[in-house]
Amino acid sequence: MTDISLAKALKIITAAFAAGKEHGFKPLSVVVLDAGGHVKAFQRQDGASMMRFEIASGKAYGALAVGAGSRWLNAQAETRPHFLEGLSAVSGGRIVAVPGGVLIRDRKNAIIGAVGVTGDTSDNDERAAVAGIEAAGFTPDAG
Amino acid sequence: MTDISLAKALKIITAAFAAGKEHGFKPLSVVVLDAGGHVKAFQRQDGASMMRFEIASGKAYGALAVGAGSRWLNAQAETRPHFLEGLSAVSGGRIVAVPGGVLIRDRKNAIIGAVGVTGDTSDNDERAAVAGIEAAGFTPDAG
Amino acid sequence: MTDISLAKALKIITAAFAAGKEHGFKPLSVVVLDAGGHVKAFQRQDGASMMRFEIASGKAYGALAVGAGSRWLNAQAETRPHFLEGLSAVSGGRIVAVPGGVLIRDRKNAIIGAVGVTGDTSDNDERAAVAGIEAAGFTPDAG
Amino acid sequence: MTDISLAKALKIITAAFAAGKEHGFKPLSVVVLDAGGHVKAFQRQDGASMMRFEIASGKAYGALAVGAGSRWLNAQAETRPHFLEGLSAVSGGRIVAVPGGVLIRDRKNAIIGAVGVTGDTSDNDERAAVAGIEAAGFTPDAG
């Protein structure tokens, strides 16, 4: 497993913000977690509400928890909500199961971290995350 | 962003209680949080039940967490309940997603705090919060 | 047990602030809990730091928990710290064991609530709490 | 109170890292919290250990909680450890009471946020935080 570098993490965030600006999204907040789910970098744009770090982290952490984009968790939540309740419980309340959490895969398809974006609609959050990961030269896995 | 002063916070509470009295509401409890979600002032009317501080705070905190009145959270809870469960979890269990939590906006439209009211029906709680904020010279944002 | 009324709780807070102003204390924060330890009223003066509600409540809650002013808890903490750790644990982390938490006793010597003050030195916090309770016509019990 | 902008927060982090590089510090991690204690920006240098976000945040949050640099909390912990235990408890376990948490004051001396640095010795962490705040044009308050 290659650890995602700070330089790459910052590229992801910058590119995610750029995608947000290009598409006219609301102020975004972007977190990059390493493969162990620990915070590598985070930025909250001016005008974003106060709990955006926790929400962004919840999407990224949920993705890493199960090895799939948070969109997959959202689908699970709709078909078997008790599973998500169990995931939330055993994670210690660290998961937000809506789109916007996207895995970062390297050239060998290994998971080297995850991005969580929040601030616009969940679908647009995911779009910004995907754009950020691609701009940094990695492969996004949105589930 | 202007910090809401204690004097203004007390005006909000007094006016919310006055609205409650005018409309014959049950005993109300009103909290004012600053823009960071920290308690500025609170009052629980005689005859109100014991957990009203927590309920009022949960409505106001939820509003600040996402930058929308708690009525918006209530609507989200009805369409995608798992999202609210995630928000609740990552907030550390600090959110009550029913109407009665209203953002306080100043003349520049900046969020300077939030009011949470509980004690009557949620819709009436929200009416009292709106009345309080307007009486203090601010703009209520109920979502 | 007579429940402390909101009117009396507000008298306590106002008088505590007046004592602070008279003695040149830093901005104070004052909470009044009812006899069950539930928040009745709270006010944080402008310029007070963000966690003052929690600290004031911790002093008042600790006093009610053991039926003695928080000064008694402070003394206990110095002679047998493991007792305070146990109290903190079983309370769910709700106690701050330094002076400033003072019980409110009525004419029959019954405990009808507690005041918690924070913002200046602990000794001065306690002075303000005592002044507030006396101004409201009750008997302060600082331990 | 002025909200600290993302641009300024990133200046602080960059300058803190530069100070670390100039003095040969170990890999640093730097968080900037807004005045309400919510995460604005964070970066963990390559080679830093996994829990640095939590440690940096704990120093900055502690400073904001009481309105003093975390060095003051460190001194309190040495003279009355039970006070720090109480603070930790009522904060929900969010405080790390060693130097490295420094308040950010603007031209009007208002607190607009806090910086938390971790990675080298606590004294050096504090030096980096101070350098970062000064480079961004604000006044550091280390307690």
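A, B, C and D are the chain letters, set down in written order, and residue numbers restart from 1 in every chain.
We take it that a residue touches a chain if its C-beta (ideal position, glycine included) is under 8 Å from a C-beta of that chain, and two chains touch if they have at least 3 such contacts.
The chain list, named the UniProt way, goes like this: A, B, C, D = GlcG protein.
As the structure is a computational prediction, the values presented were derived from the model and not from experiment.
Participant: With centres defined as the mean C-alpha position, give me the chain B (GlcG protein)-chain C (GlcG protein) separation in Å.
Facilitator: That gives a centre separation of 25 Å.
Participant: Averaged over CA atoms, how far is the centre of chain A (GlcG protein) from the centre of chain C (GlcG protein)? Could you give it in whole Å?
Facilitator: 44
Participant: Using the average of all C-alpha atoms in each chain as its centre, how far is it in Å between chain C (GlcG protein) and chain D (GlcG protein)?
Facilitator: 30
Participant: Using mean CA coordinates as chain centres, what's the gap between chain B (GlcG protein) and chain D (GlcG protein) in Å?
Facilitator: 31
Participant: What parts of chain A (GlcG protein), by residue number, touch at least two of the other chains?
Facilitator: Only 50-51 qualify.
Participant: Draw the chains as points, connect those that touch, then say whether the picture is a line, ring, star, complete or other.
Facilitator: other
Participant: Each pair of chains that touch: what are they?
Facilitator: The list of touching pairs comes to A-B, A-D, B-C, B-D, C-D.
Participant: Which of the residues in chain B (GlcG protein) come into contact with chain D (GlcG protein) in the complex?
Facilitator: It comes out as residues 1-3, 34-38, 92.
Participant: Chain B (GlcG protein) touches which residues of chain A (GlcG protein) in the complex?
Facilitator: Residues 48-51, 54-55, 57-58, 62, 74, 77-78, 81, 84-85, 88, 93-98.
Participant: Which residues, counting only chain B (GlcG protein), touch chain C (GlcG protein) once they are in their complex?
Facilitator: 3, 5-6, 9-10, 34, 36, 38-46, 50-51, 53
Participant: Quick check: in the complex, which residue numbers of chain D (GlcG protein) touch chain C (GlcG protein)?
Facilitator: 35-37, 64-67, 80-83, 85-87, 89-93, 111
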